[in-house]
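Quick heads-up: structures coming right below.
What follows is chain A paired twice: with chain B in the first complex and chain C in the second.
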Partner chain A sequence: MPDEKVVPEEPERWSTWTGRARGWMLKRLPPDRLLPEDQPSYVASWIYVFGMGAIASLVFVIGSGIVLALNGPAWYHVSALGHFVNSAHLWSVELLFLTMVVHLWGKYWMAAWRGGRALTWMTGAISFFASIGAAFTGYLVQTNFDSQWIAFEAKDALNAVGIGAWFSVTDLGQLLTWHIVLMPLAVGAIVALHVLLVRVHGVVPPIDAAESDAQLGGSAAVTVAEEPPTAPRPVTESAAAAEPALVAHQEVAR
Partner chain B sequence: MSAFMGSRRRDDLASRPWTGRKRHYDLFKELTVGTLVIGIAVVALSAVFGSPDDRGMTLATWAKAAPADFVATATAELGRTSDSATYGPPYTRTQGASQTLGPIDLQSFSGVRIPIDTANDFVIRPLASVPTAQSAVALWRAAGTAQQTSWTDAYTKALAKAPGGSPTGVAAGPYGPVPALTGTLLGMARSGSLDGVIRSEGGFAGLDVTRPTLFLGDGAYFNDLAATLHLSGDQWGVMNETGDYPGQSWLWLFSLWYQIPAIGGAPNADVLAVGLIGLLSIALVLVPFIPGLRTLPRLIPIHRLVWRDYYAKRGTALRSRPRAALDDA
Partner chain C sequence: MIPPLLAAAADPVGSGIFLGWAPITISIGNFIVIVAMVVLFVAALFVPFLHDRDE
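Entry: the complex of A and B
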């Protein structure tokens, strides 16, 4: 029977910029990693829900924001429906920050930057600050007493560091551009990059995870099951082949 | 410890794709369920709590509610002694008004990019279109700066001595056209026309509200109302909003600096607060590279709670496997 093993295409096959870009992307993020149907066994905690909760909140922030933007910044003052949509915008933002902050703290205590995931952490932190900027401009375009006062107070901080001359918090036209166009683009782009990086690198394993752990199939787990892990023991493909039980165990576990 | 820096090492378990046990996972299902749950929460919170919407303050509401404060402020604008008149960049050229950090003066870097002349922008130009104010405006414009300052100083002191600061209780004195100017401006503000005139100075569309905002802020009424609504800087006002709503609670750390007397009371409080929050923000982004911060999660084992299921089953799975399989291994 002929060997039907799929041979990966050689990099030399990509002769155009487009082809090379496709090859680069497919190498780092193949479809089964982009849209996986399984996750490592340790991905079993409520803390993982909050990242998705932040994205779900962002869906409602953007949705309610689009409705408000289409009707103009003063619509919600005179319309009951507008006021409800404004309330939905406010509460989805509150939920976005609640879930994002829990997600951030969770990832900190998980030291989620390990294993080449520093950029994932950094994009997450930057998306947090971009969201603060988006929320801040949102509070400034409320066209009510709150926005008046925030503008009056915030101008001092921005002027003191030389930003206020160009980013004027008392210029509603400028602020609407920031809040409706620039900040959503910034948040959307950085969140998308963050999510893609999560998919590229996968979910970070537990801090003390070691090759000897049962869930990795390490034989040392039989003898030191409840003991603290020993030094990591590299497992290569050849090592896995030499340990049929390890492979079989993984098959069963799936 | 290099694994804690976020760098990639081939022999590091965290750097390689997970080869161990896996569990079923449906990304789209989780996203759908998450969106539904958040959607229900958003609708419920919106229906039950709504959102705050206290009407904005206008020059008209201020003039009607606190005429004495309005006239005192207008006099300060005319005499160019108000906070806005002496603000410095980007509004005025006032020497020494910038907040600095040692020799660093970022505030002056932009120059006067949004020029504000409080006497002309807030008082004289709006009154120039009022027929009954023409002679007072002409008298003011014909006088020299020293004369103008003398009139406004005298009227400011007289207002301070009058009962309740009321212009009607001011004794006769050398005030020149100042009482007529401020009195007419008060009437104009009460009628509502001053809001439109000053706002239009920022352009036909009236979207730039810098001038009316600064004018309002120079008065006591605007600031007092904000304090009543727990919005002032020493009340953690940076993160509060009107009513009993969470506000921008994520700004708590920025607001915190203003509550520390050594910072909040400093003449360059804003530079210090923005500088500190800027440094801390950079630190948060660079946590994977900062010794101590990056190792804290290992030292304080909160991760044991997150992965308690994993740690609980670290050795049990293989132990329960058939002995034969282990022997084969």
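Entry: the complex of A and C
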């Protein structure tokens, strides 16, 4: 049976920019690492769940937001279904921030920027701040007295720093464009990059993991062992027997 | 006197309940969310994770 594993060719062999781009991507993120079937044993902990919880919440935010946007910003005032979808949008945002903050706390206390993961950490922080910006513009498109009050309080601050002419919080049309087009594109792009970087470097191991741990994939393994990066592999009984650190991690995970 | 309908429109979600300790003031809703996040964080560290039956 032929080996189906994709082996990236040498960059010198590519003659076009598309080929070079493909080689660059295959080298850093081969398909088995982009869509892995297994994760290291230390990922079997609830603290590793909240990143995916945030992404699931974001899917609900975008889905309910699309329905609201297609029906117009005033729809939920006059429709029971609109009111329900608007509430689903609000509560999925609440869940997004709740899970994102617990994810942030977990990654902060395990120093998740270790092992060449600085860019992963930075994109996570940027996506957090971009999400706050998206939520703020959401407050401004409620088409009620609450949004009017917020807009007329905010405009003075924005005018004071000289950007009120370009970012007018009292202009519903402009704010709607920011909220349903620009900010979702920004958040989506940054979150996608964040997830791809997690795939490239692997999930950050526990802070007390031994440097010789065979499960340390990605750039951390390269730094420690001077070997090519390998995708995190599942723990087997034989591997656990050969590597006591794996047993320790399994015990921690349990 | 403000008509009830106008008053309701001007304050669609109610004034809310606020908790205060000296200089700190926080709405009950925000307080509940923060407490929920702390509880989830601590629980995530100590609650055993689910495992497959064959594991």
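Here, the second predicted complex is superposed on the first by the 202 of 254 C-alpha atoms of A that agree within 3 Å, B and C clash if a C-alpha of one lies under 4 Å from a C-alpha of the other, contacts with A are read in each partner's own complex, and residues count from 1 in each chain.
What we mean here is this: a residue touches a chain if its C-beta (ideal position, glycine included) is under 8 Å from a C-beta of that chain, and two chains touch if they have at least 3 such contacts.
Owing to the predicted nature of the structure, the values given are computational and were not obtained by experimental measurement.
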item	value
More chain A residues in contact - chain B or chain C	B
Partner chain(s) touched by A:47 [first = chain B, second = chain C, both, neither]	both
Which superposed partner A:71 touches (first chain B, second chain C, both, neither)	neither
Chain B versus chain C as contact partner of A:113, first or second or both or neither	first
Touching partner for A:121 - first (chain B), second (chain C), both, neither	first
Partner chain(s) touched by A:146 [first = chain B, second = chain C, both, neither]	both
Contacts of A:102 with chain B and chain C, given as first, second, both or neither	second
Touching partner for A:159 - first (chain B), second (chain C), both, neither	first
Overlap of chain C and chain B interfaces on chain A (superposed complexes)	44-45, 47, 49, 94, 101, 106, 144-146, 253-254
Footprint of chain A on chain B - complex, ascending	3-8, 11-28, 30-31, 34-35, 37-39, 41-43, 45-47, 49-57, 87, 89-90, 98-99, 106-111, 113-114, 202, 205, 207-210, 213-214, 216-217, 222, 225-226, 229, 231, 233, 237-238, 241-242, 245-246, 248-251, 268, 270-271, 273-275, 281, 284-289, 294, 297-298, 300, 302-303, 306-311, 313-319, 321, 325-326, 328-329
Residues of chain A defined as touching chain B within the complex	35-45, 47, 49, 52-53, 55-57, 59-60, 76-77, 83-84, 86-92, 94-95, 97, 101, 106, 108-111, 113-119, 121-122, 125-126, 128-129, 132, 135-136, 139, 142-149, 151-157, 159-162, 164-166, 168, 170-174, 202-211, 213-219, 221-222, 224-226, 229, 232, 234-235, 240, 243-246, 248-250, 253-254
Contact set on chain C toward chain A in their complex	9-13, 33, 36-37, 40-41, 43-45, 47-49, 51
Chain C contact footprint on chain A (complex, rising order)	44-47, 49-50, 94, 98, 101-102, 105-106, 144-146, 253-254
